[in-house]
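First chain A sits with chain B, and in the next complex the same chain sits with chain C.
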Partner chain A sequence: MIYVVNFPFCNFFSLERYLRVRGRPYQILSLRDRLSSSDQVLLPGVGTFGQAMSYLRDQQLAPLLQDHVDQGGSLLGICLGMQILFEFSEESPGISGLGFLAGGCVPLPTALSFHVPHIGWNHLVSPPKKSSCSELFDFLPLGGLSRSDYYFVHSYVVKPSDSSVISACFEHPVGPLCASVHARNISGVQFHPEKSGPDGYALLDQLLDVNSNA
Partner chain B sequence: MISYCSRCLYPSTKPDLWFKDGVCGACHAFDLRSNYDWSSGKQVFRDLLRDNKKNPRYDCIVPVSGGKDSTYQVWRVLKEGFNPLCVTAPTDQLTALGRANIENLKSLGCDYIEISVNREVRRKINRHAFFAVGDIQWPEHLLIYTIPVRAAVQFQIPVILWGECPQREYGAGRPEDAYLKYFDRRVLEEYGSLNGLRVSDLLAIQGVDDRDLYFYEYPSAEEVDSLGLKGIYLDNYFPWNGISNAVIAQSLGFRVSEENILGTIANYENLDNYVHGIHDYLKYLKFGFGRATDVACNLIRRNLLLRDDACALVEKHDGRYPSSYLDRNLDRILQYYDISLQEFGEVCDDYTNYELFLNDASGQLVRRPDGSPQLTGSFSCLHQ
Partner chain C sequence: MKKRIIPSILLRGGTQVCLSQQFTPWRTVGVLAQNLRLHVKRSADELLIINLDQAGSCNQFVCPERVLRLIRQDVDIPISYAGGIRTAADAALCINAGFDKVYITSAFIDDPTALKSIADVVGSQSLGLIFPYMRKDDGGMRVWDYRTRLFTNSTVQLSIETSVTLGVGEVILYDVSRDGTLTGFDPLVVADVEKCQPSIPILLAGGAGDADDICRVLSSPWIQGITASSIFALTEATPVTIRQRCVDHNIPMRRCAHLNQ
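Now for the complex of A and B:
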């Protein structure tokens, strides 16, 4: 079963629409749920790091997510949902994230040719170190550029302590920055596949299928 | 990379648009609506307004711009025997025609209020949003949602009556949004065109202070909850058609543009803001489609335009360089925000998705005679 964390301010509607259009049964995650390791949890998110963590704390969902991950259950974070997988964010100083992955979030560097917030369609480039999930992205054999574009909206970017968890990047004048992560049973995408049209739907299909087979 | 709905002309690059069997979400939503039984709509609407009456005088808030749709909405509510309080959040740069249509709406037979925000501050926000997220119309996209909610709480009127559900009409959102009755903050957060810029980010603009932003924010959740505020869409209860809305509105004194409007194929909408043309051009540069496509798609779905004919119209009119809008030239429109034509060009280049447009051998954009870039894809690239 797919469980979705229903943050009060988030991209829940678009994600729910994906699940319905694709005919994938799902439930809203609640404290009463007993998750098994074959279940998958989706963490959507739009808003601030602090808002999201305070919701998880108020709903007492953080320990549930921790147990799920410890049991080997799969977890996919989208946008802010990926950022809170990490330990901290400079967006909300002093607030701890879920800490499933080491590292934190920093403001996107501003540059002449790069607007912050980073909004719109962008392609991916292959990560510096190959990760087991990189193959999900259709990188061209030469140049490591993706064939598909995805829709981004964000002002902060994840900086994992262990760069081998990065499964795809987007280009930035300072160098490639993290667009997605994958480690064990945990994955995250900074962009919005649920808002990225046919290619985004295809990617979500793959991410969910890979996780369910893991 | 661009592909199109096989029934209308919506492209795969429209953020949040979903496809099933090669047909886009807006067309699927329209099909669902075609099978509705509308006979009970009127009664459900009446019951809803009666059951939620709190203010002894007013039955609902109708957010109005004076355009064809809001003129129709007010007419419909009055026709059903209710007393609306009309509320306007004025546009960024109100046109003379827009003002005339507001004055016309005020003569329909109901009370009306207009809530204007500090003009100087708004001008700074327009300018900031243009450079930061490529949307010069950002304040309007926020205020049209927040101001009616402020008014609802202020006057203790628990129903806000919106027109059409944009997620349904324009294809984003879930298929079952056809049943979405309640407008809440989350709908704005998710579907409002805020483009990643948040109200709290505005404080970083020099000359913008917290005290200037009252109307840019919703009332507190407690105030909204204690009122029991509901946002409802009129098109859940009555069929919705922009063309018939325009006909009804015109019979009530609403005026359309006598001139063709650059970048679109309709003269009966978006008449109230000089920056519409800039907004729609940026949309073309970012996503490869503009307002002509939106209008054509609405007409195709209603069998008022053939897809083949629409292709020709859209190719000719969509994404035209916005050298003027209605009776005002681009340089004058930009001057209001202290933006030069050169800066405008630079921002356009910055936000252009180069993969959507033709390049020549030297890597330069192939431009049409008016300076706007030429799309690479053709409408025959159907989504499978």
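Now for the complex of A and C:
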């Protein structure tokens, strides 16, 4: 079963459409739910780091998520949902994230050819020092670019302490920045596959299938 | 960064889609369900709904349920809403209901500081401003109030600077005099934006008549996209054909693997 955390200010209806169109049964996650390791939890999210963590604390969902991850259950964070997998964000100083992955979120640097917020479609590139072969992203052999573009909308970017968890990057004048992470049973994407048309839906299919086999 | 082609859908009378000329509703060209499906199928990069029934109204904001139902049914790309949003609660209602961004105009004209509280709640990335503008006799760009149909005291350049400090994430510069004319974008607007060097994305609206008009403005690094409606209703241009023309001019555009299969 897929469980969705229904944050306020989240892209729930976009995700709900994907799950409905693809015929994937789901439930809204609540404190009463007893998750098994074969369940998958989706953390969507739009808004601020502080708002999202405050919701999880108020609903007492953070310990539930921790137990799920500890039991080997898979977790997929989308956009803000990926950022809160980490320990902190400079967007909301003093507020701790879920801390499932080491590192935090920092403001996206502004540049002449890169306006912030990063709003719009962008391609992915394979992370530095990793081969272009990826279970998830079909990087082109020449140049290491993804075959499709995905929709981004964010002002902060994740900076993992362990760069080996980065599974894809987006290009920025300062160098490649983290676009997705994958470590054990936890994965996250900074962009919105549920808003990226048929190519995004196909990627979500893969993300959920890979996670269910993890 | 990839440049964006954003069809705008003007709604009036519920879910009727109309075109405007110089910010006056002109003719009805269809219904929302049909328009949404068409634009999604034609691979638009985003959609913008402008609800004329609520624009400029001081009544209690209501997120139109019929519109929401159709969006949830048919749209798998980003979609924004404009029309009647004045407070953080209005904006939050729209974001929670399924829109990705909201755009504001009259609330900014009446009280620019209202934007700060909206940005604090929904985040800069979900808040945009639409500046309708006209040029005065001296050539200066002035924000134009569509309710009174008069110039305001604000220059567009100053308004962009103010909006950035208040946390707005994106601005659409909408040339009222060219709205619905298909005669091309304001030939001076790109140079004016380049002088401002805004840190946030700037989109242009008003006047797009063919793919070459769009290529001309998108070739500037300071213009991140265009929004238009008449070109998609009255000509054979589609987001796909426009995108191809832009790619031919080495403008970075979204790539869709599913279109190549």
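By our rule, the second predicted complex is superposed on the first by the 208 of 214 C-alpha atoms of A that agree within 3 Å, B and C clash if a C-alpha of one lies under 4 Å from a C-alpha of the other, contacts with A are read in each partner's own complex, and residues count from 1 in each chain.
Going forward, contacts are C-beta pairs under 8 Å (C-beta built on N, C-alpha and C of every residue); 3 or more make two chains touch, one makes a residue touch a chain.
A quick note: this is a predicted structure, and the numbers were derived from the prediction, not measured.
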{"item": "Chain C versus chain B on the shared chain A, clash or fit after superposition", "value": "clash"}
{"item": "Which superposed partner A:Asp33 touches (first chain B, second chain C, both, neither)", "value": "neither"}
{"item": "First, second, both or neither for A:Glu87, with chain B first and chain C second", "value": "neither"}
{"item": "Touching partner for A:Ser155 - first (chain B), second (chain C), both, neither", "value": "both"}
{"item": "Contacts of A:Phe13 with chain B and chain C, given as first, second, both or neither", "value": "both"}
{"item": "First (chain B), second (chain C), both or neither touched by A:His115", "value": "both"}
{"item": "Chain B versus chain C as contact partner of A:Tyr201, first or second or both or neither", "value": "both"}
{"item": "Common interface residues of chain A - those touching chain B in one complex and chain C in the other", "value": "8-14, 16-18, 21, 46-47, 113, 115-121, 123, 147-149, 151, 153-155, 195-199, 201"}
{"item": "Interfacial residue positions of chain A with respect to chain C in the complex", "value": "8-14, 16-18, 21, 46-48, 110, 112-123, 147-149, 151, 153-155, 192, 194-202"}
{"item": "Chain A to chain B touching residues, read off their complex", "value": "8-14, 16-18, 20-21, 46-47, 113, 115-121, 123, 147-149, 151, 153-155, 195-199, 201"}
{"item": "Of all residues in chain C, those that touch chain A in their complex", "value": "1-4, 40, 43, 45, 71-73, 75-78, 92, 95-98, 100-101, 121-126, 169-170, 198-201, 221, 224-225, 254-258"}
{"item": "In the complex with chain A, residue positions of chain B that touch it", "value": "1, 3, 12-20, 25, 131-134, 167, 172-177, 185-187, 189-191, 195-197, 286-287, 350-351, 353, 355, 383"}
